[in-house]
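Each chain gets a letter, A, B and C, in the order it is written, and its residues are counted from 1.
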Amino acid sequence: MGSFISNLILASVRMASPLIFLSLAELYSQRAGLVNIGIEGIAAIGSLTGFLISLITGNPLLGVLAGALAGIAVNMIFAYATISLCAEQIVYGMAINIFAPALAAFIYRVYFGSGSELVQAGLMGSLKSMLGIKSNNFLVNLFLDQTPMVYLAYILIIVTAIYFTRTKSGLNYKAVGEYPKAAATLGINVIGIKYLSCVICGALAGIGGAYLTTCYSKTYVDGNVAGRGFIALAAVIFGRWSSGGVLIACLFFGFCDALQIRLQLVNNTLPYQFFQMIPYVATIVVLAAIGAKKAGPKSSGQPYRKEER
Amino acid sequence: MAVETAAKEVLRMEHITKQFGSVYANRDINFDVRAGEVHTLLGENGAGKSTLMNVLFGLYQPTAGDIYVRGQKVKIDSPSQAVKLGIGMVHQHFMLVEAMTVFENIILGDTRSKGIFIDQNARKKEIMELSQKYGLDADLDQPITELAVGAQQRVEILKALYRGCDVLVLDEPTAALTDQEAEGLFEIMHKLTGEGKSVIFISHKMREVLRISDRVTILRSGQTVETVNIGDVTGEELANKMIGRELKPSQYEKMESDGEAVAVLNHVSYHKNSKHNGLNDVSLTVRRGEVVGIAGVDGNGQSQLAMLLTGNISPEEGSMDLKGSRVARFDPNGFIQENVSHIPEDRNKAGLVGNMSVSDNLVLKTTKDPRFSDANGLHLKKKAIRNYALEMQKKFDIRCSSVDQEARNLSGGNQQKVILARELEASPDLLIAVHPTRGLDIGATRFIHDTVIAQRGSGCGVLLISADFDEILEVSDRILVMFEGKIMGEYSGKNPPIEEISLAMAGK
Amino acid sequence: MKNKGLGALIIVPVLSIIISFLIGCIIIAALGANPADAMRYLWKGAFGNVRNLGTTFSRSTPLIFTTLCACFAYRCGVFNLGGEGQFIIGSILACYIATKSPLTGVPAILLCAVAGAVGGGLWAALAGLLKVYRGQNEMIITIMLNYVATLLMGVVYTNWLRDGSVPQTVAVPDETQLPSFLGLRATIAFPIAILTGIVIFYFLFYTSSGFQLRAVGLNMTAAKVNGFNVKRYLLMSFIVSGAIAGLGGALELLGTQLRLINGFGAGYGFDGVAMALIASLHPLAGILVAIFFAALRVGSTTMQTATGVPTSVSDIIQALVIVFTVAGMAMVKLPEFKSRFARKAQKEA
């Protein structure tokens, strides 16, 4: 039982990491007033790119980097359409959700042919293995038996918290999401920050996707993001648009994910699908429980036009 | 301020023209500001005051014309450029981020101090010094949402001063203020000019203009009429120049009705303790054949009064009688069935479905009517709807390229006529009209007033809510004044005691 | 004015399709195949003979249902992204009735259809209730419900209705399968889908309720102030759109798939959303778009066999169509674009 719980905690931390990247992606986007429901799709392309580059170079870190770049590239389509063309954000996010996974699937087919043989790439090593530590103590495992990406996720949480609460630039950034017109009158480059937000969002969503193929599973399969992009949306709402809140939400959803995997291993009387439902059902329950107190950035979802009468 | 200091010109706008599509908002406007003066831009709604200031502040690019600051020709292509040139602006709709504190709002977009992090202590000290110098008291750590309108305005002024402005534009700053708050603002303006700063004051309230201006530039339909020294004109002359015709006393006969009471409120309260968005023990009666005007500064519970009288909210205390029977359930549809018509406050948000056609909007409430559909709504008679729309277009003089045009593409006046046509063709027993002429030109305003008076003539009870005091005086038979959710007093529309009513509007 | 707006609604998607095909051709050329050949086989595979045409109709049927589902919900301003889940729930209920109930033949088919619609409607109502009474974001909820429905279907075909050792359900008995439509490979589900589209079109544009539903979708505040029961319309749009998808799922099972299996219904929900958007939420246009997308999919199989170009090229083309259409629609609405257009027209006049 003790090992069940300690394994559960270890797995929660690990499962929360991709969600943290994706949720932060959404957070940076929404803080600049852009609701991007396309991060599920961006994560798919990041996942595929991460896998391919990691396979080709043999270096998972390069894979992650490539995933970030691919995410940025795809999100620039979203950026141009929603910022410059003022397309509806929700609608365009959906377009990205259809386009990006199709592109990922296509590249995979073209690269590997239609053969069904599963190609596997190496996973990123944990800090523990890099340092050559042998101990199997729970705390050692919790703090050291993690890939560098996990540390990056938690560092990003802290950096984001500081950025939005302590820095001048972060204040300006938030103003763009709250009241872009006011921000513009104060000389803040609204359009620039919105584009910047899409670069950050694309990179983080790409990294979140790449995490799945460089740190979690050795291979890429279509649909491997499995709704994490949407759960990230829920995590941002649940986390009340703050970095710390997002962390708690992600740990909770990560816990649900870890729990369902553990329960599957322990229990074999119930069909395993019921356990797999846990993260999704938990998302619904959490959203229903917190109710509708709207607390997000005020201008979220609305297009911004410079000269408007 | 004395005119001698006039010598030093800080700002000049020459031949400014601004076009929106084919519409001229500004046409060949000339305007200059001297150091230490209050220069008023006077004009009616839509005269082009705000457009001109948005050009000055870099929010709009002029179609033609030049701007000179301290004698240098400049191109102002963004607000930050304007700020660099020492121009500050307090917009009519405050540019404050509600989710942030006073302090955060003031330092937003700050480029003067180096470093990544916010240097709270140094910045706060700087701001406190400014606020003491000009008597602009503010609690820096308070969130904007907790501030009253007057306090928010002070934050806006502080914001501009913090950025080192020499010329401060105040766009209709008194519109939402009580008289007392306005006094406070005038004091601040004096302090500013005393320090050699200039103020551009935008208003159409004659009393204030006469009281604090040094010079006045009058705009009318996008063009400059004249610039005058305040000592050289009387209020009447100014008003005539602004409107372009003589001001006339009300042209409608005032009625005293003893008809049936269509709507009665008995001690109604809603969010009683909210000063700006509540009702506190409101009792009133609207009879057939009269126009009851609700006067008051915006945001003293008028919106809630209108929502309650149309069934959009229900009272927390008290009751309402509609045509003699107690209202049991407050829902908009029930009120519509009881023949209550509503000209809502925000025509785009609540009055019209902008993406639907003019004809669809005309029958919005009546698609189940046998005139417009068979079998209780199961088949719409498109042709009948169209013919009806054409008829209404003529009757209400709705100017649109076709009744199939989307309502959002119509001008404000014509949008309002669509709503009017819809609401009045139902021959209502009670009409709730909220700011029915806001933002409209004189012609459309006159048309709407005529129509409302005609409704009164046919036995409808009208409740008119307006922040435009002149409008209230023009059409009301009885005047009630609202302040902080309360009815402050009731006055006859015939020879109303203007002085007394103004005091009541300020809560005295 | 009206004509210009309508023009854009047609020109933008058509242009998007052309551009997407051009890009598709470039990709095909880059893969070393002859684009003209590929296009020819694509066309042949989709429409080349009666058999293929039947297949195209058959493939389009579920897409038409999910497209109509999206059209209906979005007309009321409800972003139901749960077409897939509602489709699956409908098919699960139909599967139970077809394989477990004593009924067979027409009564069984009718019951399956009704149960599918009711099941889909109720599944969507879950999200509807959460939106209307808890103010929840319907997009996330409906997507989460998609995953739950898919997993539930997994339980059904791996456990409850499993057919021996294979992870799939037992097949729908012959007499409960849908009859063929005019001897084509498509079943009568295809005309039912089109009929559903016509009914929805009529409802939206020729009835008072449809009119009010659209008004709610376009301006909720105005709808409320003007006395419409907004909550009722919101709930109704969830339930009806869910029912459409559920009916589609039931008919897809009885007509084409015959058993639940891994991947059943996968992607249909989002596809429906995409097609509804390309069709500017017009139900009849939605039918055409769905048939077009189905043709692309059917034709791409022939193309792959004949030229070796992978079928996923057609997925890319479809995805590009949506990416371009939505961006194009936004672009023509921009004031800058409009004024340029107006100036040009002025010059020509």
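Here is the rule we go by: a contact is a pair of C-beta atoms (placed from the backbone, for glycine too) under 8 Å apart; a residue touches a chain by one contact, two chains touch by 3 or more.
Model, not experiment: these values are computed from the prediction.
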| item | value |
| --- | --- |
| Which two chains share the largest set of C-beta contact pairs | A-C |
| Reference subunit C; chain at largest CA-centroid distance | B |
| Distance between chain centroids, defined by C-alpha means - subunit A, subunit B (Å) | 45 |
| Subunit A and subunit C, separation of their C-alpha mean positions in angstrom | 28 |
| Length of the line joining the C-alpha centres of subunit B and subunit C, rounded to whole Å | 47 |
| Subunit B residues within the subunit C interface of the complex | 21, 310, 312, 331-333, 335-337, 342, 344, 349-357, 360, 364-365, 367-368, 373, 376-380, 382, 401-402, 404-406, 409 |
| Complex contacts: residues of subunit A adjacent to subunit C | 37, 77, 80-81, 85-88, 90-92, 94-99, 102-103, 105-106, 109-110, 114, 223, 226-227, 230-231, 233-234, 237, 271, 273-274, 276-277, 280-281, 283-284, 287-288, 291-292, 294, 305 |
| Subunit A-touching residues of subunit B, taken from the complex the two chains share | 20, 25, 57, 59-61, 78-80, 83, 89, 91, 95-100, 104, 107-111, 113, 115-118, 159 |
| Residues on subunit C engaged by subunit A in the complex (per definition of touch) | 31, 79, 81, 130, 134-137, 139-141, 143-148, 151-152, 154-155, 158-159, 266, 270-271, 273-274, 277, 310, 312-313, 315-316, 318-320, 322-323, 326-327, 329-331, 333-335 |
| Residue ranges of subunit C in contact with subunit B within the complex | 1-2, 5, 205-209, 211-212, 214-215, 218-219, 221-229, 339, 342 |
